[in-house]
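Following this line, the structures themselves.
Two complexes, one shared chain (chain A), two partners (chain B, chain C).
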Partner chain A sequence: MLAKVRPAHAGRPFGAAGDGGTAGVPVARSLRERFTGRNAERLAPYVLIAPAVVVILLLRLWPLLLGVNFSFTGDGARNGQPVGLANYTELWNDPVFRTALRNVGLLILLLPVAVAVPGLLATFIFLKVPGHRFYRSVYFFPAVLSPVIVGAIFNLLLAFDGPLNAVLGAVGIDPVDWLGEPSIAIFSVVGVQIWATFGMGLVVFLSGFSTLDATLLDAARVDGASLRQVIWHVIIPGLSRTIQFVFVTTMIGLLTSMFGLLFIMTSGGPGGSTYLPEFYIWIQQGQMNRPALASAASTVLFLVMLLVGTAQIGLLRRAGRED
Partner chain B sequence: MMQRRLWPAVLVAGVALAGCGSAAGSSGTASTSAAGGAASGSASAGGTGKLVVWDWKSSDKTAANFVAKAKADFAKKHPDVTLEFVAQPFDQYYTLLGAAIQAGKGPDVILFNGGGQIRDRADALLPLDQYVAADKDRLAGWDAFTKNGKIYAAPITLQGHPIYYNKAMYKKAGLDPDKPPTTWDAMVSACAALKKANNVPCFSVGNKEGYGIQFWMSGMGSSILTAAEYDSWIAGKRDWNSPDVKKLFSLWKEANDQGLNTPGPNSTAMFMDAFTKFEGGKAANVFGLMSDVGGWHEMNPILGADNVGAMLAPTVTPGTSASLAYDGGIGYGVAKWTKDPALAADLVRSLASTDALTAYSSDAGAIAADKTVKIAGGGPSAATIAADIPGGKPALHVALSAKTQEVMGRMSQQLLSGSVTVDEAMKQLAAADQAG
Partner chain C sequence: MRTARFGRWALAVPMMVLALATIYPLVFTANVALKSQRDYVLDRFALTRSLQWGNLAEAWSNAGMARYFVNSLIVVGGAVALLLLLGSMAGFALSQLTFRGSRVLFLGCLAALLIPFQVIMVPLTRTMADAQVIDTYPGLILAYVAQFLPFTIYLMTSYYSGISKEIVDAARIDGNSPYGVYRRIMLPLGKAALLSVGVLDALFCWNDVLIALLMMPSSEHRTLMVGVTSLRGQYSNDIPTFAAGVLIAALPVLAVYVFFQRQIADGVTAGSTKG
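Moving on to the complex of A and B:
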């Protein structure tokens, strides 16, 4: 808690005008001519942040509140009538929505895998395995593809009579319905999501590696440390901030950008096993004509994300404080 | 730092407060909720102005003639009215429409699928009975666009579920290509012969979207349910405890377990993978459609018109007689917020005029809802379908609500993967059907 040198505090209200900052001066001066001295100085920063605040209030918070408000009204024949918590009870009793929430939990559990994949691969590139230049460029390639294209590619690869099962068949393994078996499909989709997005994490890891102290690594090698010991005792501690950052960004990616893949690869099926809240919202609003129920689901998703987001901010802040 | 911690709490409190005020704000929210781009202008007054039409067809090349003919017909009655056809992507269509309906403004004339999709949104539409009275006898398929005795759209096409089969494969298997099996037992042994001779499974099934069960239900229904059960199902009195209704679902599972289907139905999309497989000679039969895609119009050029046969369901329950399941396929309705209902209804009538439907039928390969339009050049399968239309009945799945269809899609996938029993699936379906 020693580190109180936080730039955000230094730049609080009187920062802009009081410091005589270049941008603040003309505005502050013209205000000063109209009002008297101190008052104007106190007002100036609020005037300056007003556009941003208005945009956030008007285009973010106000619609959010309208949506929440809307979730307490009915659908169809009861359109516009207050129904209390009926939509939320319905959500709770809907096995599909419960599956969607359970899948969110599953995604969070799978997060270490999603972080370990780019981490390990970046380590190998950093340790200059043969062909590391080639891998460095190839690994990033999927990250520039749109989820729709990735989904279409893997639909073909993972089809029951597709190439993957053909390869498995050649070595005597029975074909697996990767996208048609309820217990497997969600893992297939998450696997593809990791494949499609690990390039971003890899780049962050590589940039983290470039800040590693090379002398430490050399010292470890001289002392006869094995590869596993180098990774565990030198690389991972040196990269803790990078790892935390990749954790947070990967989690955001998993929780918010899987709609495209789901839509293309499974459409929530089979048997509703790959539903995520966004997909559920889309189905209720678009296909089932239940906008109020969809609003209720959005509110629940918002609360979940708020929880996850707060945890993430806490994590990032702790990471930032370490040095 | 404490201040930052407080933010989430403030947000949650705000959210909770918004909830308390829901009753007061409810009328306002309906008109202010995000509709964004949905609200394209709709101003029409008297004989002048503009009508906006939403559909997912008008940008297709095969619909160009149809739109031109309909516009010409409308221009004769209202030369000063501008028409704007907005083609939306089909997979987003009802989402965009939902936003327009919430906003209470948008298109004047709207294309709908018959059945659940229009019935669920009938509140936003204008009853057309008084306007389309003159067309009632000329057009067929009204039931799919009717709710509580009121008509909400004029049918353009008829949509139904014949079973298509590959005649060349039947010939190769030593079966008579002109006499397809008429009982389920004969079908199962034909399947064995087809598999032996052609090395292909019997049915091409795609159930990724949950459509496979719908096509199965409507394609096979008339030979599983008795006539009385069928009629009461359509009338809304569905007995989910009846052994015949249960048979619909147990046979669905059984056929798959017996290996009659193409492998991996839960991960195969009906549109268009299942049809592509049939057309590519990877299965001998498919439960198809009779208008637009997934039917004779698409199969004839690939397999050869003489090689495509259409049949009715082979008999499962003794004493039933198979019939073609069909309904109104797509149709145009009028939004209740339109400025001049009579004008918009006139456009609907032009869109359903004989000239326009003749063009649509031949270009897009659809069975027109207009009884006076003859199917030209559809080959033997289209001829069989045309002959079956007079004895046809509404399709079983079209009578179900969108909600029940969604549950049925999920249950059907779980049945195939073995994660639910038939009895449990029936229980959930009954609950969904009674709720909706």
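Moving on to the complex of A and C:
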């Protein structure tokens, strides 16, 4: 997904422009230059990149290692002592963490929906439904709002005596306890997440459409292909890279950016039914004072994301080859 | 494919309904925020009959949103300035300069991009506590810089690699040092990308709640989003004031969206089609 961006390749030294003039200059001068001009120039790239490298190394890569290491040590009285896999077995036996993992499974099952919705809408917009610019602006807006704001708004909308139930009541449907019923709450939260983020996928799809080969679409049109055929035989193969990108970014979104929603909408409840790993990690670290256990959960989350990410890319790649 | 006019409208109707479903929650909140407590209890749907600006004032001053707002501005401003500086310097070096290890550094940056915050939050919080920067502005700013720097570098590198090396070479012949090239050529030429990535970084920081909760625990250091979450308990019986607080937190984002929608879209789609 990031193939074309590469650092400058060797063989075009930055200082090349000035080299011609110094060819016949006595050694003394180039020695002096080594301590001032030339050497400073050679160091320049490192000076420019050093602050970024320090920040990323110290505050992103190093903590990853620390965390994995930390997950094999104990909490509380056994702070710092190696405990082997004890944290991981505890996680496995914790019904709350199991619920969190089950919810991750649910998210992965719902992932195709979360990708298909913006994909279909983008197709319609691309086929120039009247007012497409308006739709693009409207659909994209919730995607830039904070999950906290979105969650706060939906707290009001999904309240038992709130607007949604009032609308349902008007057509004769009994009110639903959207956030208070364990079997429903997780679907409410995921639904809100999809409402809030489909605009992101939509914009990515639209930018993919703008790279589609227009002559292919015209040819399909001349041949009298139906909308379904066009989607299946022209758009999907032509956008395989975009679809892959949306799959991966949507999955990352579902697995790692729902904290704000959970925090304000359900706090993991009712009865722990809306826990996700990220919320579990936060509770164990902050509320339960079990940082080592939280680290183990972090490591599991990381593995899940690696696994799902590679599997998806592999699957999509194979599907792309068959076309 | 060549949808007849009728077919087009058949699509347009559900899309209009969906657009309404997207806008309605926001309109509902704005409407509630301007209602009196009594009106809200009597009828929460009807358009407000009087404009209760007092709700906004209450949320702004008594609920502390003003303070949280300033906190957010300080942190977002600091973080975005640092992100753009470090990101453009690194992006320039990685895309235009030749040096040993540039490839490894670029790959390391991409690897860092793929590490979610949740995975490193426990050790990071410890490190920050050890460095005694928990609950300080620099601490939260640093945490945001670390979180969004890989993305910023990636975007700046990809933008700068589209700039012809001849421009850089010409500037070198004119006697500019690499730093001079960065300052006189790359910064001005990178304006569009800096604006796009800067707006996105600002939104990321402004919208975050998890990092802020961990790095700025005390109540006087709350950022606006953390403030919204605390408002909920505080005004659980006064929904109009709660809605007013939510509105205050959402309005700056709406303003940014209206002015910079294009830049935001450019940023989030970077990497999705090319390459």
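Everything below uses one rule, namely that the second predicted complex is superposed on the first by the 244 of 323 C-alpha atoms of A that agree within 3 Å, B and C clash if a C-alpha of one lies under 4 Å from a C-alpha of the other, contacts with A are read in each partner's own complex, and residues count from 1 in each chain.
The rule we apply is simple: contacts are C-beta pairs under 8 Å (C-beta built on N, C-alpha and C of every residue); 3 or more make two chains touch, one makes a residue touch a chain.
No experiment lies behind these values; they were computed from the predicted model shown.
Contacts of A:266 after superposition: chain B is touched, whereas chain C is not reached. Comparing chain B with chain C, the partner in contact with more residues of chain A is C. Touch criterion not met for A:113: it reaches neither chain B nor chain C. Using the contact criterion defined above for the overlaid structures, shared-chain residue A:311 touches neither chain B nor chain C, since it reaches no partner.
By the touch criterion defined above, A:66 reaches both chain B and chain C. By the touch criterion stated above, A:46 is placed in contact with chain C alone, chain B being left untouched. Contacts of A:219 after superposition on the shared chain: neither chain B nor chain C is touched.
Residue contacts after overlaying the shared chain place A:173 against neither chain B nor chain C.
Chain A uses residues 61, 63-64, 66-67, 70, 282, 285-286, 291, 299, 302 to touch chain B in one structure and chain C in the other. Residues of chain A touching chain C in their complex: 1-18, 40-42, 44-46, 48-49, 51-53, 55-64, 66-67, 70, 121, 124-125, 127-131, 134-135, 137-142, 144-149, 152-157, 162-163, 166, 195, 199-200, 203-204, 207-208, 211, 217, 220-221, 224-227, 230, 241-242, 245-246, 252, 255-256, 259-260, 263-264, 277-278, 281-282, 285-286, 291, 294-295, 298-299, 301-302, 305, 309. Chain A makes touch with chain B in their complex at residues 61, 63-73, 76-77, 79-82, 96, 158-161, 175, 177-183, 185, 266-267, 269-272, 282-283, 285-289, 291, 299, 302-303, 306, 310.
Contact residues on chain B toward chain A in their complex (touch as defined above): 8, 11-12, 14-15, 18-19, 21-23, 25-27, 29-30, 32-34, 92, 94-95, 98, 101-102, 120-121, 123, 208-210, 263-268, 402-403, 406, 409-411, 413-414, 416-417, 419-420.
For chain C in complex with chain A, the residues that touch the partner chain are 1-3, 8-9, 11-12, 15, 18-19, 21-23, 25-26, 28-29, 32, 44-45, 86-87, 89-90, 92-99, 102-103, 105-106, 108-112, 114-127, 142-143, 145-147, 149-150, 153-154, 157-158, 161, 165, 169, 172-173, 177-179, 182, 203, 206-210, 213-214, 225, 228-229, 232, 239, 242-243, 246, 249-250, 253-254, 256-257, 261, 264-265, 268-269, 271-275.
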